[in-house]
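We just call them A, B, C and D in the order they show up, numbering each chain from 1.
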Amino acid sequence: MANAIIQIECKDQQGIVSSVTEFIYSNKGNIIDLDQYTDHDNNHFFMRVEWSLENFTIQKDKIAEYFETLLGKRFSLRFNLYFSDHKPRMALFVTKLSHCLYDLLGRWQSGELEVEIPLVISNHPYLKDVVERFGLPFVHLPITPENKKDQEKKQIKILKEHDVDFVVLARYMQIVSPLFIQHFEHKIINIHHSSLPAFAGAKPYHAAFERGVKIIGATAHYVTEELDAGPIIEQDVVRATHRHYVSDLLKMGQDVEKLVLAKAVKLHVQRKVMVVGNKTIVFH
Amino acid sequence: MANAIIQIECKDQQGIVSSVTEFIYSNKGNIIDLDQYTDHDNNHFFMRVEWSLENFTIQKDKIAEYFETLLGKRFSLRFNLYFSDHKPRMALFVTKLSHCLYDLLGRWQSGELEVEIPLVISNHPYLKDVVERFGLPFVHLPITPENKKDQEKKQIKILKEHDVDFVVLARYMQIVSPLFIQHFEHKIINIHHSSLPAFAGAKPYHAAFERGVKIIGATAHYVTEELDAGPIIEQDVVRATHRHYVSDLLKMGQDVEKLVLAKAVKLHVQRKVMVVGNKTIVFH
Amino acid sequence: MANAIIQIECKDQQGIVSSVTEFIYSNKGNIIDLDQYTDHDNNHFFMRVEWSLENFTIQKDKIAEYFETLLGKRFSLRFNLYFSDHKPRMALFVTKLSHCLYDLLGRWQSGELEVEIPLVISNHPYLKDVVERFGLPFVHLPITPENKKDQEKKQIKILKEHDVDFVVLARYMQIVSPLFIQHFEHKIINIHHSSLPAFAGAKPYHAAFERGVKIIGATAHYVTEELDAGPIIEQDVVRATHRHYVSDLLKMGQDVEKLVLAKAVKLHVQRKVMVVGNKTIVFH
Amino acid sequence: MANAIIQIECKDQQGIVSSVTEFIYSNKGNIIDLDQYTDHDNNHFFMRVEWSLENFTIQKDKIAEYFETLLGKRFSLRFNLYFSDHKPRMALFVTKLSHCLYDLLGRWQSGELEVEIPLVISNHPYLKDVVERFGLPFVHLPITPENKKDQEKKQIKILKEHDVDFVVLARYMQIVSPLFIQHFEHKIINIHHSSLPAFAGAKPYHAAFERGVKIIGATAHYVTEELDAGPIIEQDVVRATHRHYVSDLLKMGQDVEKLVLAKAVKLHVQRKVMVVGNKTIVFH
């Protein structure tokens, strides 16, 4: 039996937690998990509740309507409702590097990552074999400065045709345009190979090497119009020493990149992330 | 204005979260933080709620009674109620090593650790100067196999006289007896210098060196009758290599020990730890 | 042009470093990397030197002989000589879980892991597809208590026929026998899913869950006759909380397992590990 | 008996390691530790050797001369020679925050940190008690925009009078001037409360909070004229979540700051750090 998951956001006010839990309880829902957060600086309230629909007395397709009527208006709250039996549809964008691709596909195939993957898109042909070995369609859309706009329109069209819910840039070496971003606001996850805000932009490992840092990292974030400046979902680091050349940092970094990206994707899929301004709230 | 903090434990059942939050809300309390956890294996429910007493309409000294009457009986729940304006009274037990002592006293003096420290007890005189430099009473109770029982009785008497709420064994090199433990059940925090359950007992760094591990650690736990087997509050590790002799591990370990102990003490003081069987629940 | 790599071990004595480096220098070898370690407790000396053969005046196939004659006898030293242009031949043993397999094969295919993989052996058929997708032979040798001895003999025979240099147990769920181990002493790398010596043996994540640890880990070690007690090559950990069920620990642990195993395999392949008694020396 | 420690730097060329070790060996020195590093990008060689003077046949005060004559000229190498029985003289600069001060003084008093501390200088009177409790002179030199130049001259004068070898800015909340830096080139260690190059400059925790990072850090570096841009000695990080306000980050950060600073100071005292351009080499 599916669970319902609801993410709620509103002005902080008394009685929200008690009203929401009362709504679930009085209709015979059993709360599986509840996490809430109050941003006291901005007087804002956030909540994620997951409950079992087993004995829930409101029909699945009526829950949103009832919730809006009974609670949405009363507290002026915004909410998103999800069901655990709907697998989100994820498109992967790749270029040349295979480590994040292998990692995500391996997790998908072993059942750890609960998504549908309708297709993988790439601006280069290199990873065709890898993708097809997993039985997935590989769409090659080469990009030049001249055709970029048109190719992005094609990408958007294909993604819409395949009902794609969110996009993962798994070391996709192209900057996506504002147009593309508008179609998938807070639904494009990128992995940047540095511990942002350090070393935003191109060639972060080269920059890290030049600066002589003793730690390198990776950052998974939602893509926004400003490059490498979107809401951070997850970050991690690994120690470096003077012995590591750029080529070593590249290899070491790949281990962090793939784990950080996989964690961010799983959090997104489990509906544990809320975007607030340019930050994320990550529920337990 | 103080906050109230309540820790709740009971059989999992529908309506608890909504009833507890309704109790706070309808009496004009504002929830500052709420975290709950359901142990689905054992069908058990745990919760910690912190709310502001600013406009709360039930008198501070009546809250426990009302809560018991209105909710305790209904849900067969056990609870502990605390107030943020009561600083817990902490006694430190030490022997020779000063790193945990300095670390805790430094945090206390800078205001980071919100406790009263009525006294420090030691079985050796070595750290008298350190303790007195911080303006605290140092009680020297030497322990031999012959006098151990009597000295422990003295310790208990002194602790009771000083209204001590909890005891921290800050690298205290004596095993405390069951009698002592009974007087302070789940109120004695020990720091063990290994990542338990590895290397329980004496000389863990020597054992770690012999085994050739690449990681050493520290564990803060509540003391129970079985040595180094009580509920774990916090653990952390640090990397080791073949170059590290026992003496190096000792020094590196001290850095982890003092941080792990300080974290555990702060969690305990903030009433964020609940003991369940031989495990802990650590609320956010 | 290849590099030569030599690992040296002997009683600590004056003049070794200077004699070895003089041997390389006077024959026009250029030292790329040198790391040495003296175990002062046991008065034992260890060294790894890597030098370019570009202008080296001793023929590749004569180096061992000259080194033995000129230095081996003088210092009563034992050494192993390797060449960077020989890719070690690695056999993988697997059962059901795919995460370590995918990770190692992905690194191999991207060129990060410089080995030949003549075959993958498994006691179950589950991972046949994964292996064959990478174009590698999959050998299925089912094991029962009755046929175990015979199947291990077959394994050994196949490994010898394929000139296998070392074996990686990538979550292979069988205990290998002393006979097998004798054929590959310090050449079988296992990944154990706990931070050894904690939770040796079966079902470590269940045991970790029962104990309520706040950290779980993984350990890569050379297999010896005593179960999970061989020389540790690499370890790492990840934080756990009371919210993690055994099934969560299993998933989180897989991320550490695959990274720890990959690191150990790479260190082994780069000839950076020496076994001393039941410990390892890991050169930089 | 003391050890000699030598740090060497020169153009990479054949025969250096063998010549240096031969120099030590033939004069009956026993090598305790040797680490070398070749920067292949810039064709530059670095080495640190530590050897026992027990039977060394060259007088302590003649070693530098002999080394320069026999090796320095031949290889055009620069070197620094130290003796393990000379405790470096360290001055601490502090302002208001006590955590790094307590940590360093605790390590000094327990014998872990082998330095002399002739005095502590502060621009504020707050930490006078802490310092004097440890029996150390506290010099209060208040700084205003008007008197800054004069006060720095006084600082330099006092440091010179006390034969101070190196200065540690233990959360000293003043920017030191180029004049001061010239007097102690690569001899001033600062702790910056971010993982540089992220959040250089003032209020890094506020900036980290604004950016919504999931990791905060600390960086110990040698002070150079450009603010927070000097050679990094050591860095470390700690995880943050959306629940952490600036005040939480401040406290969590203090734990990393004090450990990172202590590690950097110990590496400096053990003569394990060499500065090359704007980077450090940290020997094992």
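Just so we're on the same page, a contact is a pair of C-beta atoms (placed from the backbone, for glycine too) under 8 Å apart; a residue touches a chain by one contact, two chains touch by 3 or more.
This is a predicted model, so every value here is computed, not measured.
**Q** More C-beta pairs touching across which pair, B-D or B-C?
**A** When B-C is set beside B-D, the one with more contacts is B-C.
**Q** By mean C-alpha coordinates, which chain is most distant from subunit D?
**A** Centre of mass proxy via C-alpha means gives A as farthest from subunit D.
**Q** Need the CA-centroid distance for the pair subunit B / subunit C, whole Å please.
**A** That gives a centre separation of 42 Å.
**Q** Need the CA-centroid distance for the pair subunit B / subunit D, whole Å please.
**A** So the centre of subunit B lies 36 Å away from the centre of subunit D.
**Q** Could you pull out the residues of subunit D that touch at least 2 other chains?
**A** Within subunit D, residues 241, 243, 284 contact more than one other chain.
**Q** Name the shape of the chain contact graph, picking from line, ring, star, complete and other.
**A** complete
**Q** Which of the residues in subunit A come into contact with subunit C in the complex?
**A** My answer: residues 97-99, 102-103, 106-107, 109-110, 112, 133-134, 243, 251, 254-255, 259, 262, 284.
**Q** Which of the residues in subunit D come into contact with subunit A in the complex?
**A** Residue positions touching the partner: 37, 40-41, 195-199, 211-215, 217, 231-237, 241-243, 245, 278-282.
**Q** Contact residues on subunit D for subunit C in the complex?
**A** Per the touch definition, subunit D meets subunit C at residues 14-15, 17-18, 21-22, 24-26, 28, 30-36, 38, 284.
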